[in-house]
Structures are given as structure tokens and as C-alpha cells.
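Next, two complexes with subunit A in common: one pairs it with subunit B, the other with subunit C.
Take a look at the complex of A and B:
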């Protein structure tokens, strides 16, 4: 905790900081994104994928928020909404106290939020040298070529690529780990405050992944960054995150301190997800799969609690009432009717059992 | 599982080089491996270390013109490199069969799952269509596909990811093979589905007495299903031993480095003990130990000559110059 306070202190010295260390860097309210799929006779879409469906969360200054959940639960869509790469159907994003698009212009917001994707190759222009790739965005934002290139060289050195060896190379002349370092350097070129890492280390070899994770930790300290870290590797998320958000079919199931969520998940889905991690002890192998079957289709998600079709605590009320995020434990919030007083769930009061 | 019985798979000094490109790619550089019947071996290694190429060699799947293969492979008493034509076709499916990461590559999109399984059975055995279909149904039950009667007539794209993986396993088991090769069978799956498939593989292995080679880059997956682990690096097996030994008492500096650099169990926010550098270029391998450029214990001899196999215990060996004792 004191460490986080220290971190927030150093962030508070950032001249761009408006609301002080206690004000969340991001407050996300009621974020919704539905994708129409399939057309009917009248050219109207019959179905929608409820990719992100009424998502609320706060991102604290200087923290790393991990986002986990199964494929299709809306992690990348959330990231793309935060990056403003796609338009939300509803909801607002408040950046350091300022409503994005009202109090702070999209352009000013966009420069402070950068993203690194999984595919290190596809995200670099094959015809630009890596020095030019990194200098590109600052140039667009009016930085002189000399200064932009100088900054690119500094950043290359920061990410562990000696500028005199690497600056003039093209993406295909680099290994996957080196390319991902370039992507990270490029994301930092506009001096963002928030970096969203969407499966940024997932394509890397295990031995190289550890190097890049170390690099991310160093850069966060050096530049006072805040991270959103999306990954399907739960071990990595546990290692790097201060807090974790668990998503299920477009909704937040649980959010809280990483250690608490991993040690004592409060939502039945988080508990099942974490229990599905392969054992690391040959004498304590998993004996029974925590869940059966695949996640349901997000096109037509189950009514009520979206997890009720797979939840072993499901009650009749679970298919009727949509649970809302409720405090549970010291730092957690969970969307489960078992934890919501007055919901009518028969297990109320027996919580902590998940 | 020590070398008591005759091994069902006996690979000696296997080399696979892809010619055809600008420079020859040395994908497999002297793999030696013996696997006992009903043993489950995990082949663990990073991308490009030669896991899939080794597996494909066991099925005789390399195009002869563009590949040069050395060494020997004996599987269930057969010399795989000498097989061809009908014998090779029978060997694939009846003796050894394979499942992949992506079931859509193994399953034909235009035929129903039931038809594909029945057709595979009929290709290898003289049974009636009715009988073949009944066996297909039994297989779908065996891999625990819900409402199997209905799924017999489903097309692959109508199934969810986990269900398709089950269907592919059913297809692989259609002709009662002795050996199942599984190339990253759960890598593309979600965590809650992955564990179901791993447990299914474990159960089927026990029930059918299958010999299994499972390729993975995830130590956790190896721990869940394997009796023994073989760690690959740059086309060689650098260490192999019982899974407990490899996890608790790794001896090769690369295995030690891999285990030490894991985020699993590391203190949140502490630095990881990463292995520096990256794997070598297979078109330009160093003459000595391929791990030497990244190894903190490397000596001059490591750079000059490739290390021989050294035993740690009876069923645990590694390829490293260091004394088994010194590599701590």
C-alpha cells in the first residue's frame, strides 16, 4: 500500500496531473458496445453481439489493472473503446476528472493513451525503419525531425535496443521480442500517461517474455505510467497487476486487489477460472474440471446473470435478475446475486463459499 | 517408467534439415529419445525449437525433396523412414495418430463429424457403414460430447471450440492407435476449456493404455498430464527426466533458467530472473552448445564442442558440459 502511495506521489508531480493522486486516472461509466451481426430481409441486423455491456470501473493513477476473462468476453473491445478506436454506443470516459470529448478534446486525450498489441509484426509498417516508426507519431504532432529521431534513439536505448545497431533496421530484421520492444518504444514516443497492453507479451517465447515484463516494470517506474494489462495468462496477470478485473460475456464479474482476487475470488466465475489454471505441482494435479462446456455465445447471452448457465450456485432468480457490482471483502466488488442483499438468492449470507 | 521394457518409440540421433531455402535450416539436430509403452512424454520448448518437426518425423510427414533426414526412428517395431505407400498409410491412424492445435485443419468442413470418423474407420478396416457409424457414436461418447447422436450429423463449424477439439480427438482414436501425438492441443483454448481437454486426454490415456507425446510450451500443461518431460532447445533435447525431477531438480542451465524466469509464484512487481538474449538462428547455429551464448555458466569448451548426453540419475539426463553437480 505504501508503495502504491509512493507511486502516486511521483505521479502527482507530473505537471499534467489535474486531480491529484486520489483522483482516478480513468473512470469508466456505463460503457456499451454492441456489434450488429447478420442482416434480415429489411437490411436491419437481427442480432447483436453484446461485446461490452454496461461496464463500469476505475483505473487508479500509477497502478496496473489486469483484465482477464475468456476469449470473446470483451477485453479487446474495452481496450479499443478506451483508445477511441471505436465509438461506444453509450457510456462515458472520464480522464483525470475531465469528460473525454467534452472537457478534454479527443485529440488531447488520445495522445495520453497508447496501446501495444499482441502481433508485433502487423503493428509496424514494414517499409519504415524502426527509428522512423518510433518518430512517426511525434512528427505528426509537430515535433521536428531532429528532435523526434533523437527521442526515438533515447527510447530504443531505454527498451534495451542499442540505437546504433537497431535504429536503421526494418521490422523483418528483428526477432519477435525485439519487435515488441520497438512497439513499446513507439507507444511511449508521445509520452503517454496510460499504456494499454493487449496480449502484448502473449506471442513471445517464455524466456523473452520475462525480459519484456521486466522492461515494462522499469518503464512504468521511470515514466510514472499507468497500465491496463490484458492477458489470458493468469500467472502473468497475477505477477504484474495491482488490481484485476474479471470479465464474463461483456460484463464485469469481479474487480479488486490482485492478491485478494487470486487468493479469494468472490465470484463463482472468477473462482472457476482461477481453479482452471494448470497445476504447477505434479503431486497436486487438477482432479476435476471446475466448469463443463464452453462459454455461451455472446450474440444471445443468457438473461439475468450471464454466468447462470454454468454456475453451480445458480438459483431461479439468477436467470431473471441482472446482478450489479456490490462490495465484497475488503477490496473486491462482485456482480453476483449471492452477494447482493435482497436479491432473493437462497445462498445469501453463506457467501465466501465460491 | 525406466528403461525396463522395450521402448515403443525409439528415436536415435534424428536430424532434420530443410534445404530449398536460401540457407539450410537445421530444425532438428540430433534428437535421441526412447519412450516406453503407455508413457506420457511432454516435449517442452519455445517456438522454433523443433517440437513439431520432431513429431511430424514420427509420422513420416516431411516432403522428401526439401528435407534431409538423418538418424533412425523405430515405432512399434517399424522403421518409419523405410515405410511408404499402403504401409505408411496404415501406420498413420492405426499405429500412430495425431491431434493438432487447430481442429479445423484436421476436420473437413464439408462433411459431418460422424461421416468423417466413419470414413476413417472404413478406410483402415473392412467394416460396414452401419458398424462404422456405431463406432463413431461410441467415440463421441468416449470423448464426452453432449448429445452425441445429434452431434454425429453436425458439421465442424456448428460446434464450439472445445467440442471441436473433442471431435478431433475422437477422429484420432478412430482406428485404435497405440500412440497419440498431440501438438499443442490446448494452446488455442480458453483456460476453463483447456483443463477439460487435458483431463480428458489423461483419462483416455489411462483407459486405453495410450503412449502419448504431447508438445507444449506451457510447463503447467506438462505437469497436468505428463510422466516425463523432454526439454528442447534449438533442435536438441537438452534435458529429460520424470516430471517431478524436471520441476524440482532441473539441471540444465536452460531448464533452470526457464523455471526461474516464470511469473508463476514470483513476487508481484519484483523483477523476473530472465534469461538474456534470444534463441539462435537455426540457419546459423553455433558449433558448440547452442545455449552457450545465453548461458551464465558457459566456458570456452561449451562454445567449441556440442555437449554429449550425461546422466543425472538413471532416468534423468541432460546435454551440458557442466558436471551434473556443478549446474546448481
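Take a look at the complex of A and C:
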């Protein structure tokens, strides 16, 4: 925790910082994205996929926030919404105290927030050399070609690729790990303050993955970065994250310090998700399936708490009332009626047994 | 001394300069004998067209009633004479000029217009894409030969009108190819990353889309050259394109068709030229397609 406090102090020394170390770098309020599916003759769609539905969270300066959840829970959509690669239907994003699109222009915001994608090959233009790919963003923002290429070479050296060997190569001449290093260098080329890593190490071999993770930690210290780290690999998230956010069907189920979420998950879904991690200790092996069935269709999510169809503790009240995030456990906030006093759930007061 | 030179850092970590993309394409093309053969035939045809006045042994317009339909091998007429006694070899050499022109020009113009339209539709997407592509689809309702004939007939005979109608015939298929490749590229992560860096749509198209889209469209367009030549010949055959006495292979095929029972070998010669040219373009475009595949 003191480490994080140190990090917050050092991040706040950035000349671009506005609100000081305690102001969240990013506040997300009521973010909503519904994708229409199947259009009728008049272009109106009857159904929507509620990919991200009313998501709120705050991202502290200098921290790494891990986002976990099963496929289709809205992790990547959240990332794309944060990058404004897709337009949100509702909600606002506040970057260091400034509402994006109002107080700070989209262009200025994008200079400070960059993203690394999962597919290292698809995220590099096959017709551009590595140095041109990295230099593209600075060139767009008016940096001269000579300076942009110089910056690209510096960044290549920073991510562990010798510039004089790699700068002139094409993406297909690199290995997956090398390409992902190039993608990281490309994301850093605009000197961002926030980097969103969307499954950035998921496609790599375990040994390469470890190297890239260590590189990410080094770069974070060196450049005073804040990370949003999206992954389905819980071990990796636990290793790299200061705080963790668990998502289920487009909603936040639980958010809190990584250690306390992993040690004492407060939401029944987080508990089930973490129980699905294979244990290293043979005595602690998972004996019972933590969860049955598939997540419900996000086109028509269940009313009330979205998890009640698979929850062991579901009560009649769970299918009527939508839970809101309430403090629970040591550091967490949980969207569960069992933690919400006065909700009428029969298990209130019996927490800790989840 | 020599050992000392080896200690140089450059030797330990040699500077690795990657070949450019086009260098790689050229290298792969050179290794493909069939494609190189087709390319050489095309180049020879082009040279033949350019230097026709120097290559042709006789005046292609000079007719003689006495020498009508001489067979192949007649002294002074190596490929015989046509129905008006004009030297076949000279007419075939001069015919390359108009025939190649009629084959390449419409495709080139349709390539420019069609890729512009298709890339625009593919990159912008949404309702505009639907509007453009459905309009293009209307042209697909007509067979291309029929469309070319109908347009030429409506515009009136003449080389220029034939060019215009052939261009219109080739715009829809090129637009469609351009649109589908652009739609694929547009959804790639590198385009997303470029958008995330705040680049404008025009910059993204210029830097990230064009380079990845133009070569497949170009390969497709080369395969249309042979179609264009055959369609142009067809138009000339119907009297809608080139007019006599201009030498053009399609037109020559038309005027010689009455002689097919008298001297079939001579009558078939323009068809042989059309065949050689179109198959060369087809084989070249096939080879180009595989040479442009980076991972080959």
C-alpha cells in the first residue's frame, strides 16, 4: 500500500498532473453501451446486447487496475469505450478532473491514454517498418519525422529491442513477444499517462509472458504510468494488479484491493471465479464445480441481480432488486444484496460464508 | 590485424536491413518462370505496339484486289493477306496498338474510380456504404457483355464511347473488391490503434489502408484486362467500337469471318493474338497475386 502511495506521489509530480495524488486519474460514471443485433426492414433493431450496462469505477493515479471476468462480460468493450474507439450510449469519463469531450478534447485525451491490443500481429500494419509504426502517432501530433524516428529508436531500446537491428524490420519478421514489445513501444510513443492493456500478454508463451510482464512493471516505474490490465488469466492479474475489478454480464460485481479480493472475495460470483483457479497445493484442489451452466444471454439479461440465475444464495428478492455497489469486507465494494442492509435478502448477517 | 577487425561491434551485431516490400515481390516474381514468361510476352506486345511503324513490313492500309486472301507463307506476305489484300502481318502488328489500348485504358480508369469509391464506402461504412454498394449491385443485374453492348449502342459507335461504356462495365466489380478488402482492413487492430492515436480519417486511409488494399485490387484489375480486350473486340465486331479500316484485332476478326471457309488459317489469326494477349494477362495476374503474399 505504501508502494502505491509512493507511486501516487511520483505520478503527481508529472507536470501534466492537475488534481494531485489523491484525485482519481479516471472516474467512470454510468458507462453504458448496448449493441443492436438484427435489424428489421427500417434499420431499427429489436434486440440489444447489453455489453456494458451502467459501469462505475475509479482509477487511482499510479495504480494497476485489473479487470477480470469470463468471456463476454464486457471487459474489452469497457476498454474500447475508455479509448473512445466506440461511442458510449451514456455515461461520462472524467480524466484527472476533466470531463472528456467537455473540459478536455478527445484529441488531447487520446494523447494521454493509449492501448495495447491482444493480437500482436493484427495490431501492426504489415506494410510499415517497426520504426514507422511507432513514429506514426508522434508524426500525427506534429513531431518532425527525424525526431519521431529518434523517439521510436529510444523506445525500441527501452522495450529491449536493439534499434539498429529491429527498426527497419517488418512485423512478420518478428516473433510474437518481439511484436508485443513493439506494440508497447508504440503505445508509449505519445508519452501517455494511462495505458490500457487489453489481454496484452494472453497470446504469449508463458516464459515470454513473464518477460513482458516484468517489462511492463519496469516501464510503469520509469514513465510514471497507470495501467488498466484486462485479462482472463487470474494468476497474471493477481501478480500485476494493485486493485481488481470483477465484471459479470456488463456490470461490476466487485472491486477492491487485489489481495483482499483474492483472499476474501465478497461477491458469490467472484468467489466462484477465483475457486476456478487451479490450486498449486494438491490438498486445496477444487473438488466441486464452483458454478454450473453458462452465463445468461446478454441480449435479455435476467432482471434484478444478473447473477441470481446461477447463484447459490439466490433469494426471491434477487430477481427483483438491482444491487448497487456497497462497501464490504476490508477494501471492497460489492454489488450483492446479501451485503446491502435492508434489501430483504435472507442471508444478511451471515456474510463470510460465501 | 584481421582478428582485430573482427572485434568490431558491427560484426558481432550485424546491421539487419530488411528488404522493402516491393523488392520482395520482385524477387518472388523472378523465381516464377510462368509469370515471367507471361510478363515477357506482355512486354513484347507493348514494344510491338510502340514500334509498329518500324516493325511492319508493309503499309497496313494498302489494299489490292489481286492479292485478296493469300494463304500464310505467300512470298512477301508471311502471314497472308486479308479480304482486301492488305498484309496480315502488318495489320496484326498495328492492331496491337488499338487492341492493347482498348484493353488497358478502361481497366485503368475503372481501377481509379472503382477503388476510390470502394475504399470510401468501405472505410466510412454504415448507411453511406449501403447506399453506394446497393447502387453498384444494380449493375450486377446485367451480364457484362450485354451491359457493354447496351451502353455502347446507346452512346453511339466510336472508340471514345466504347471506352466509356467499358469503364462503366468494370467499375462495379472493382468497387466491390475494393469495398470488401477495405472493410476487412478497417476492422484491424492497427487501424484502431491509429484512431486511438488521434489521427484523422484521411491520414489513416493514406498511411494504413491504401498500402494494404491497393495491391489486391490491382491484382484483380490486371485479370480484367483480358476481359476488357475481349469485350472491346466484341464491340468492334458488332461495329460499335473501332471502325474500319483501322486495324484492331476484334474488328479484323469480324471482317474476316466471311473468309472463314476460304482461308480459315488467316481468318483465325486475330483471334490467336487476342488469345495470346489475354492468357498472358491472366497468368501474370495469377503470379502477381501469389508474389504479393508476404508470407509466401
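Methods note: the second predicted complex is superposed on the first by the 347 of 354 C-alpha atoms of A that agree within 3 Å, B and C clash if a C-alpha of one lies under 4 Å from a C-alpha of the other, contacts with A are read in each partner's own complex, and residues count from 1 in each chain.
The definition used in the following text is that contacts are C-beta pairs under 8 Å (C-beta built on N, C-alpha and C of every residue); 3 or more make two chains touch, one makes a residue touch a chain.
Keep in mind it's a predicted model, so treat the numbers as computed, not measured.
The superposition on subunit A brings subunit B alongside subunit C with room for both.
When both complexes are overlaid on chain A, the residue A:272 reaches subunit B alone and has no touch with subunit C. Applying the stated contact rule after C-alpha superposition, one finds that A:238 touches subunit B and leaves subunit C untouched. In the superposed pair of complexes, A:177 makes contact with subunit B only, with no contact to subunit C.
When both complexes are overlaid on chain A, the residue A:124 reaches subunit C alone and has no touch with subunit B.
In the superposed model, the vertex angle subunit B-subunit A-subunit C (Cα centres) comes to 70 degrees (nearest 10).
In the superposition on chain A, contact of A:213 is made with subunit B only, not with subunit C. Contact with subunit B, but none with subunit C, is seen for A:292 once the two complexes are overlaid on the shared chain.
With the two structures overlaid on their shared chain A, subunit B and subunit C come no closer than 9 Å at the level of C-alpha atoms. When the two complexes are laid over each other on chain A, subunit A has no residue in contact with both subunit B and subunit C. Those residues of subunit B that touch subunit A in the complex are listed here as 46-47, 146, 160-163, 190-196, 198-199, 217-221, 223-224, 243-244, 247, 257-258, 261-266, 268-269, 271-276, 278-279, 294.
On the subunit A side of its complex with subunit C, the touching residues are 43, 80, 83, 85, 106-107, 110-111, 113-115, 117, 119, 122-129, 133, 136-137, 140-141, 162, 164-166, 168-170, 172-173, 183, 186-187, 189-190.
Those residues of subunit A whose C-beta lies close enough to touch subunit B in the complex are 3, 70-71, 175-178, 205-211, 213-214, 217, 232-236, 238-242, 258-259, 272-273, 276-283, 285-286, 288-295.
For subunit C in complex with subunit A, the residues that touch the partner chain are 13, 15-18, 21, 127, 188-190, 192-200, 203, 207-208, 211-212, 294-295.
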